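Two complexes come next, and they have one chain in common, chain A, joined by chain B in the first and chain C in the second.
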Partner chain A sequence: MADVKSLLAQFEEISKNPQKLVKEYVEAGEKVIACFPIYTPQPLVTAAGMVPMGIWGGQCNPQLAGKYSPIFTCSLLRSCLEFGMTGVYKDVSAVVMPIICDTFRGMNSAWRAGVPDIRSITFIYPQNRKDPGARDFLIEELKAVREALEDISGNTVTNEKLQTAIRLYNRKNAAMRAFCRTANDHLDLVKPADRHHVMKAVTFLKPERAVEMVSELTAALNAEPVHRFAGKKVVLTGITCEPDDILGYFDQCGVAVVGDDLAQESRQYRTDYPSANSGMESLALHWFGVKGCSSAHDDNNTARGDMLAAMAKEAGADCVVLCMMRFCEIEEYDQPSVITQLEKAGLMSFSIDIDQSTSDSGQALTKIQAYAEN
Partner chain B sequence: MGETPEVKKAKRPLPKSRVMLNALVDSIYQAAWDAEAKGEPVGWSTSIFPQELCATFDIPVLYPENNAAGVAARHDSPRFIATSEGELGYSNDICSYARLSIGMAHQMACDPNYEPPAVQRMPRPTFLLCATNSCFELLKWYECLSRELDIPIFMQDCLFNYGDAKPAKHWVAYGRSQIEHNIKRMEEFFGKKFDWDKFLEIQKISVENARLFDECVMMNDRNPSPLNGFDLFNYMAPMVVARGRRETTEVLLQLKREIQEHIDNGTTTFGSAPQKFRVDWEGIACWPNLGYNLKSMKKYGVNCVTNGYVGAWSLHYTPGSLDEMAEQYMLSSTNVVNTATMMGKRADVANHFQCDGMFCHINRSCKFMTYHMTCGREIVEEKCGIPVVFFDGDQADPTIFNEAQFETRLQSLVDVMETNKEAKQ
Partner chain C sequence: MFAAGIDIGSTASKAVILDGDGQVKAKATVPIGTGTAGPERVFGQVMELAGIARDDVAWITATGYGRFSFEGINDQKSELSCHAKGISHLLPGTRTIIDIGGQDIKVMRIGDKGQLLNFVMNDKCAAGTGRFLDTMAKVLDVEVSALSGLSFQADEPAEISSTCTVFAESEVISKLAAKIRLENIAAGIHKSVARRVASLVQRVGIQPDVAMSGGVALNSGLVRSLEEEVRCHIRVHEDCQLAGALGAALFALHSMRNCESYTG
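Entry: the complex of A and B
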């Protein structure tokens, strides 16, 4: 069995070089479908015989994207547009774009104008999740996504293939949750950046490969003695917590990340596809099971803060760090209430800015230091 | 989105239609206060929610976007925005209407010395109506109001129409399901039966008002235009707050008469300055800077004869058809359709109105409306062959707008329009 260090190095390599992976897939004759955050029905892509890969932009200072994307919109979509316009995504067969915020409304237009050669499969999640018509609506909406994927792949997505894919994704979710739990017993080996590399790499890997690799890592960790971590522990919330520098600051200050609610990380794996009459129904019901997420309306308007407080307490953290993607308004609207609920639960919190268009994360260091020294 | 403050302008007496309009708006606020005094329900609503429902229940509803526009135009927004950004900790990135309204709701609920705005004071609501057609932010904003005031939301999720076709069948079915479900929930919440006959009547009035409003807007296509285009911002008020009321029909009929008189007499509310350029203004008004904008544009003889924004309440459906009604709420707002649809339409209108240019408000608050402009600019340039110029501003946060930049951009628009005119001659 490979040792923990070399396994973690593999995840780091993958998380930092998704393009290499795309090339490998394409050279092997496979089609790649890029999936925008947060929730895309990836089992449909797998069932259509193609490879779904997450698309998360990257640290860059956009030069072309500004033509279509206002400067006061999130850097995540601005860098995705930049990469689209500069040919970084040229090997993908299509993108899947769920409209979960106003910036995505705009991205739908910007992508068409700026990246006309890469097809966008757009769809929308119903926000009135308690309405009796929402379920049927979403099933139909997902059928259109299925049709587009069938068209691109030339394969039919049967119910059987879809159910098999769904089971695989649920196994992946379980593997990710198991890794997160186990990692907390080995915080000497799994530093904040390592944890992030695993979570991010999995968004690029085929699901079966992800299950295999993550399970192997978890097993390798389980073979190590449990480590009693004496430092401070935090839970992260937000869209992403990048670049590595920021995660490095936590480590430098002796702070461990023991859980997350990041869209790029655990939000992806928190909710399983429930059993249902058909694969399509299961995909739809998944959306109605999403809790505590800024992109999914909940009548319980303190759900997210309460969920984070419970997560932190369970993981032994005394603080939640709000990783605020600049100009991400859906997160910004939640921010005060999340802080209030955490305070009510007797927990600390602080916010740091996340911005892919700048490499300056000095303010994050200052805040992490202040917390660590507190 | 959504608005219409009572804009202070030159001292000449208000036209009769405006006097009627003001009386109508006052009566709507008064009805809300009367209900509050009796302990009856009062709603706050997003500007393009199916108003037909509460109108049928005869429950008063006020409109924070409309109210925020008025507060901002009277330069009273900073103190509410400060509460949101300071005490409550909201980012200054979120829509300024939201910051203003959440700040106001908080002061209302928590500050015993709360000082309401000088006019159009809103009582505290007991429920919220939220439609997602204008943007997704509205939903997040209303979640905050719901938390702040501890009251429920009735939602009409109007689905952003990302494609080019009209909403598919399953979209309409979802829209209709929500209207029906909301009616049921409201029956329980208000403890009243829904009167379907009255509903039909209100639908008829609403559709009639939408038709009349569109007619008034279109009458400004004459050259010279009978109206200063900015006047239309004022007449959006009844379309937002009283679309289902007979009084609105009266206001619009009066307005139509007044416009016709201007056309017949060759006069215009633009004043005596020559209308040298006909411009399509895109985006919400900069309410705190409206006076300055108008003055600058008059200086250059620019009349913004049309704007896409005022058409957001143009809902046309067959009364009695819930499907059509649901569909219309998924199509009406400028922000509920994609850029190709929206800016394609605007280009057609600019052509019809013989516009010489398009002046776009890059509104710091309204992200998607800004995308329409950045992504739609090429569509307009191609279809109309007119210059498209941007300026930065905000609808309610006075800290964003810069007078010097506005004037420079306006000048550059005028320069190109002038050159184009000369070339044509």
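Entry: the complex of A and C
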């Protein structure tokens, strides 16, 4: 069995070089479907015999994206559009775009205009999740996604193939959750950036490979003695916590990340696909099981704050860090109620600005350091 | 031996020297900050005022935006911790601190020993910061220090955006073109900053006593506007601009004493 250090290095390499992986997939004759965040029905892509890969933008100063996307647009979607327009995603066969916020509505049009060579498959998640018609509506939306994927792959997505893929994704979810639990017993080995690289790399890997690699890492960690971490512990929430510099600041200040609710990380592995009469129904019901997420409306506006408070307490953290994606309105809307609930639970919280268009994160260091000093 | 604190901000450098009993031996401010000769100059000035040499300083703690770039320090602390410590020393009983710095706004809730309980900071945006005031003063063609006096003579404060410095600058130019009195524009600028700061204060939750830290606190016109927005009296110490440096010096004193007791 490989040692923890070399396994973590593999995840870091994948996390930082998704284009290399795309090239390998394409050279092996496989088709890659880029999946916008979050809750893209990836089992459909797998069942269609293609490779789903998450796209998360990246640090860049958009130039071309400004043609369709004003500067006050979600930083992540703006960099995705920039990468689309500058050819970074040129090897993917299509993108799947869930319309989960208002910015995505505009992005759908912007993508079609700005990146005409990469097909865009869009669908809408119903926000009124209690409406009896919402399930049927979503199944119809997902059928359209399925048809588009079948058209690109030339394969038929049977119910059997889909159910098999769903079981595989649930195994992946379980593997990710097991890794997160185990990592907390080895905070000397799994630094905040290491944890992030594992979570991010998995969004680029085929699900079966992800399960294999993450399970091997978890087993390697379990073989190590448990480490009693004496420093401060935090839970992260938001869309992403990048670049690595920010995660490095936590380590530099002696702070460990012991849990997260990031869309790029644990949020997508928290909810399993439930048993249902068909694979399509299971995909739809998954959306109705999503809790405590800024992109899924909940009548109970304390749900996310309560969930985060419980998560922090369970992991022994005394603070939740809100990683606010610049101009992400859904996260901004959630912020006041989340802070209120955390305060009621006796937890500290502070926000850091996540902006993919700049590499200056000095304010984040000041905030993390101030938390660590007190 | 002496302990020193240096606060290297984005627009000014401040330094404080404490003697072994914790008494302020000297303090100095230079109106240029990180990346300039300001930090070296202010440190030279404060030592000259104290009548000591660098070798007489047993511990130097740096804070502020430029805290990592000053040579010869013993350690560095975040400006949040230092303002909390400094204000708690200058104005005991303070529970909420508002610091308007050159490029950011900080609101801190502190405990009875000056420990930081919670805080909020604006993110990368100049609205409501000292830089905002500098920009507006430039448009009005007055010194930033003149804004306070002007605002006290206003009879109808102008309405100016608190969303964005660039928007606000355009608005101020439009007001000037519309022949709105300078005094009313100055008061409107203060109101704009006060609204921006008040929204952050609301996020962290206000708890009396409230004090203001940093050089912008010397602008009494702005303090008045802020008091109106947060509906609370705001205490300002005459050394408010030095609060961060004083906090750093207090941390340095603590480290110096620990070091002395360790070495016997």
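Structure notes:
Going forward, the second predicted complex is superposed on the first by the 374 of 374 C-alpha atoms of A that agree within 3 Å, B and C clash if a C-alpha of one lies under 4 Å from a C-alpha of the other, contacts with A are read in each partner's own complex, and residues count from 1 in each chain.
Everything below uses one rule, namely that a contact is a pair of C-beta atoms (placed from the backbone, for glycine too) under 8 Å apart; a residue touches a chain by one contact, two chains touch by 3 or more.
Predicted model only: the values in this text are computed from it and were never measured.
Touch criterion not met for A:Q63: it reaches neither chain B nor chain C. Once the two structures are overlaid, the count of chain A residues touched is higher for B than for its counterpart among chain B and chain C. Of the two partner chains, chain C is the only one touched by A:D353; chain B is not. Of the two partner chains placed by superposition, only chain B is touched by A:P132; chain C is not. In the superposed model, A:S278 lies in contact with neither chain B nor chain C. Look at A:N17: by the touch rule set out above, it reaches neither chain B nor chain C. Once the two complexes are overlaid on the shared chain, A:Q252 sits clear of chain B and of chain C alike.
When the shared chain is aligned, chain B and chain C each come close enough to touch A:P336.
Touch criterion met: A:E140 reaches chain B, while chain C stays clear of it.
Common to the chain B-facing and chain C-facing surfaces of chain A are residues 324, 326, 336, 339. Residue ranges of chain A in contact with chain B, taken from their complex: 67-70, 72-73, 99-103, 105-110, 112-113, 122-124, 126-128, 131-134, 136-137, 140-141, 294, 297, 299, 301-302, 324, 326-327, 329-330, 332-337, 339.
For chain B in complex with chain A, the residues that touch the partner chain are 88-91, 93-95, 98, 132, 135-137, 139-141, 143-144, 146-147, 152-153, 155-157, 159-160, 162-163, 168-171, 173-174, 176-178, 181, 335, 338-340, 362, 364, 367-368, 370-372, 374-376, 378.
In the complex of the two chains, the chain A residues touching chain C come out as 324, 326, 336, 339, 343, 348-353, 355, 358, 360, 362-363, 366-367, 369-370, 373-374.
For chain C in complex with chain A, the residues that touch the partner chain are 65, 77-81, 84, 104, 115-121, 123-124, 203, 205.
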